[in-house]
Amino acid sequence: MKYAHAIRDALSIELRRDDAVVVFGEDVGAFGGVWGVTRGMTKEFGDRVFDTPISEDLIVGMAIGMALRGMRPVAELQYADFVFCAGAEVFLNTATYRYAHGGLFDLPMVVRMACGGGGFGPEHSQSTEAYLMHTPGLRVCLPSTAYDAKGLTLAAIRSNDPVFVLEHKRLYGVADDVPEGDYIVEFGRARVRRAGTHVTIVAWQDMLRRALVAAEQLSDDGIEVEIIDPVTVNPLDVDAIVASVRKTGACVVVEEAPRTGGVGAEIGALLMEHAFGYLDKPLRRLAIPDTPVPMAEHLVDALAPSTADIVTTVRELMR
Amino acid sequence: MDDATRLEIFRQSLLSRRLEERVMSLAKAGEVPASLHMGAGQEVAQIAALAALRPQDPMLYGHRGVGYWIARGVEPEVILCDIAYREGGTNKGKGGPMHLADPSRGVLGETGSLGGNFVIGVGIAYAEQYRRSGNVAIVFFGDGTANRGQFHEALNFAGLRKLPIVFFCENNGWGLSTPTAAASAVVDIARRAAGYDMPGVTVDGRDADAVFAATRVAADRARSGGGATLVEANVDRLHAHYLGDREPYRTDDEKAALWVNDPLARLVTQIEATGIDVAPIEAEVADRVERAVTYMRAQPLIDIATVREGVYSEPGIVR
Amino acid sequence: MDDATRLEIFRQSLLSRRLEERVMSLAKAGEVPASLHMGAGQEVAQIAALAALRPQDPMLYGHRGVGYWIARGVEPEVILCDIAYREGGTNKGKGGPMHLADPSRGVLGETGSLGGNFVIGVGIAYAEQYRRSGNVAIVFFGDGTANRGQFHEALNFAGLRKLPIVFFCENNGWGLSTPTAAASAVVDIARRAAGYDMPGVTVDGRDADAVFAATRVAADRARSGGGATLVEANVDRLHAHYLGDREPYRTDDEKAALWVNDPLARLVTQIEATGIDVAPIEAEVADRVERAVTYMRAQPLIDIATVREGVYSEPGIVR
Amino acid sequence: MKYAHAIRDALSIELRRDDAVVVFGEDVGAFGGVWGVTRGMTKEFGDRVFDTPISEDLIVGMAIGMALRGMRPVAELQYADFVFCAGAEVFLNTATYRYAHGGLFDLPMVVRMACGGGGFGPEHSQSTEAYLMHTPGLRVCLPSTAYDAKGLTLAAIRSNDPVFVLEHKRLYGVADDVPEGDYIVEFGRARVRRAGTHVTIVAWQDMLRRALVAAEQLSDDGIEVEIIDPVTVNPLDVDAIVASVRKTGACVVVEEAPRTGGVGAEIGALLMEHAFGYLDKPLRRLAIPDTPVPMAEHLVDALAPSTADIVTTVRELMR
């Protein structure tokens, strides 16, 4: 089953199971969303899957209000960059509403959005997980497979806390084995996507795919890479990353976001704190070199870490 | 409005006024933080509006004064403890008077960054409509806040979906130091309703009867499926914006002129005209306030060990 | 409008239409990216509006079509190169057709996240007023975009300060897949002007004369210190939202009905009524487009070595 | 001269020197701003220092538009948290406008705002530098003294790039030596605030003050701390931090923002990359433990790193 379809499956399961669930966002109704995730759903669910105006503050703010009244809203932002179009609602109101009101309210709400990729330009291509991760109160999921996309979406809707799910544009069409029916992918449990002994790579989504390809090439050189997919970055499975790095003694983080202040920075600092003395080599971060994401795909390809970049970096590190 | 209702509005307004005066004196004495925005001059409108709703109707309040909470029966003790960051309040020092909450009374909080109330309120109203609860949401806000973008996104959607909500604007002629006429292209905020296909009405907010009547019409409309209304009450902010504000932007004479129209004094006249002596009510209120102060003083400050509580729900995920 | 002006509007509209058709065929053939939002049916209104302004008046354009640029004399070669991410365009592959810019022609760009144009446009108008330049800013936007919060913040301030700006709404009845009536509480966007103390006028955007006249009135008002105007042009989006959009939300018959009112055809009739034969103009335009395609094809793709250029100015600090 | 006054001095110098400069924001006109920074300035500069409506998207978006037209706007947001109230304008439009339009525009604009402190609640207390630092295109200044506040503000106004200046609430009233007249504090040049040999502390603003006090206490134990004030975090003076840490072999970062994904994370990763092998001890980060900032001052004091926390951490590290 494809990633987009797996998310649809999760949404449908929850819509059927719990009438507190509604799904909304720009063009998610009859049209099925710009990414096709909700295609066909209005047939079964009618107005429980509905279009909103082009009003991002409304989309997120409305989710807060619904959640305050016991609903379990699932909102879609067309692009992960648009967390900033709803900036106050996401970073101030969603994040602090529970805490500010003495923990009296739960906010069971989900905000789904499409991140990464190329050909969409500087305000439609960002992967905004580092911003969200720096914001206490928000859970942040980064599904890298259809299996995880479904299981994380199910977990997100059942979470009593606000969950932001960044779906990767380049993965929507990618298929893998997805069980029928109900299952949960737990938050805060990283996955070892490939076992290895020489170096740990932390990567997710499209960068994970590149890392897996790179790992096969490196294996030919005798370098066995262990690849950790964090799955969620809030909560972040520090133990899994640390355990792997303590074993391998080296770490490369590959991410599709600006290097400075990215998730890789946090992982670097965590390794200092929790794996000091175990590292034989310094951390390496492969990321977007503090540049907006351009429109032209060939420029994006030059900017974002490539399989070749990963191979080169690991080789240098292992030299 | 019947005499009993007016009397109750008076009682609550008086309690609000005296409680707030006590907070001001306590704050000047350094006994509680000076964080409250004083509501004198506006509490009658707030309380009359809430009298026109049902006690369980969900409310997001504005930042000005204590009237909203008194109207909902929140005890003065509780209010003082939230202001003083002591045990016995609702939000455990996390939000102080900005974020008092009591879900059982429909007191659903407020966003500290202005504008969030609009869109969150729409989500609440959406939930009420979805559940066919018969509840009407009410959102309070100032004329200055009506210039935030969320006003637009929220009122458009409320108008579109005929949501059960009352947008209640307290137009006091100022946004902090800035006169409404220097911040708003139209000084009658209700004129904006036309852009959202909803009725907009302006009432004299110093007149409890007028506020009650207009809000009742709006609430009835909302409850019967007729959708949202923008109610604008012209009021006076009798005190400074907050305690530290020395009000260089208006003269003592200007302020004195406002006190001549003090809506609480008008209520006294109305009540006395029905043959009721307000002196015992004054005494009773004074006593009530002092009891609350005594209670507050005996309560411990919020324990610093609890500072991290409330960020996330427990358990995070419900199956 | 005089005949010469109308003829020029026709020429530009025809060039826009044909150039866009060529872009569509090139995109279908995979020769250029399919990133343009087609403007057919709206270009006449765009061009007529710009004909009513002065050539140096600062403009922020909408995302639909090439008409804005053609009206300002940007060469088809330049447009094609920006679309194709080749040398010879304006933004070096960074923004593609979303961000074509030519400051010398008052083409000041666009924000990719909808709504930014409003507030940036107000800043531009503020600068023109401050400098007493005599210029009038114009901001183009769609009916869907009018539901973003910045619309409100911008129009309020423009109304308040009587800024020299024209807010030009292309109301095509759709925001992507969502009908205006399903997104907007009022389908006549011009009605919102009342909330900002500025005139709001609705014109038939398929009628070049009507658009020209209304925009000229608005521009004259702005230039003479009378402030902003909200002009709404009712237009038809003759193509899909973008090339990949299969338009499940409207039928072929519905679309065919729109083509009957194609404003370009109407212009042809008007022009021919003045005794001018349009065939030579068609031929000339066809030739112009092919020359541009030839030019574009000969240009190299933007060099990936330049991908990081343009983030910051050089030198950063000027003393 | 006090910090607030020093900023006023810088603004006044630039307003006198260059008529392209204007200063605006909520209540910054006659009132002088909620922090008193612009007090008295309208007397000299009239409407060049002006009030805006409560419209944060407008405030920042307008600055972009003014800058596009050759002005040098200086906008104030009342709280650093409010970068999210103008989220799209700050993180998308300001950050990418130049790049997206091929570097054709400079954006000489400044956004000033008050960060940190206690007693203001979760949406009025944040230090948002890590979010801004993760955003290519934005310069970020963190003045820690009146001297730097003036020199950085002057540099910021003269910068051709957008500069965000985070002013600390607790420093506005703190005085130090500030020269008359014109001088610049360069971006990207960290300061050694205290020379030492045993451990490097990186800290700024209120945390710098605490670190300096802690350093004296530690000195009594024979631990000589070197304290680096980064002054700006974009650009960040990596060399200065690395040089210090290479010398001392240990590093503690103290910051008034959530730990995860903070500036300290970036410094940790940079040290891994540039000072690997020089560190005798793991990095220590003192920060807000991933919790919103509560309202109650005594809770904030319990949450933010204190002098005692710094002393304890350094002692533990040096043991």
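The chains carry the letters A, B, C and D, assigned in the order they are written, with residues numbered from 1 in each.
We adopt the following convention: a residue touches a chain if its C-beta (ideal position, glycine included) is under 8 Å from a C-beta of that chain, and two chains touch if they have at least 3 such contacts.
Fair warning: this is a prediction, and the values are worked out from it, not measured in the lab.
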Original post:
Shared touching chains for chain C and chain D?
Top reply: A, B
**OP:** Work out the mean Cα position per chain and let me know which chain is farthest from chain C.
**Re:** B
**OP:** If you tally contacting C-beta pairs, which comes out ahead, A-B or A-C? Let me know.
**Re:** A-B
**OP:** Take the average of all CA coordinates in chain B, do the same for chain D, and state the distance between these two points in whole angstrom.
**Re:** 35
**OP:** Can you check how far apart chain B and chain C are, centre to centre, with Cα atoms defining each centre and the answer in Å?
**Re:** 45
**OP:** Indicate the whole-number Å distance between the mean C-alpha point of chain A and the mean C-alpha point of chain B.
**Re:** 40
Original post:
Mind pulling the chain B residues that touch 2 or more other chains?
Top reply: 91, 94-95, 98-99, 111-113, 115, 147-150, 153, 156-157, 160, 182-184, 311
**OP:** Scan chain A for residues touching two or more other chains and write them down.
**Re:** 52-53, 55-57, 81-82, 84-85, 88, 92-93, 96, 99-100, 121-123, 136-137, 290-292, 294-295
Subject >> Touch-based graph of the chains, sorted into line, ring, star, complete or other >> reply: complete
Subject >> Residues on chain A engaged by chain B in the complex (per definition of touch) >> reply: 22, 52-53, 55, 57-58, 60-71, 73, 88-89, 92-93, 96-106, 136-137, 139, 155, 158-161, 184, 186-187
Subject >> Complex contact set, residues of chain B against chain D >> reply: 33, 35, 85, 91, 93-96, 98-99, 111-115, 144-145, 147-149, 175-178, 182-184, 248-249, 301-302, 304, 307-308, 311
Original post:
For chain D, which residues are in contact with chain B within the complex?
Top reply: 26-27, 29-32, 34, 51-57, 79, 81-82, 84-85, 119, 121-124, 289-292, 294-299, 301-303
**OP:** Please name which positions on chain B make contact with chain C in the complex.
**Re:** 147-153, 155-160, 182-186, 191-192, 194-198
**OP:** Report the residues of chain C in contact with chain D in the complex, numbered from low to high.
**Re:** 58, 89-92, 94-95, 98-99, 101-103, 108-109, 111-113, 115-116, 118-128, 130-131, 149-150, 153-154, 156-157, 160, 309-313, 315-319
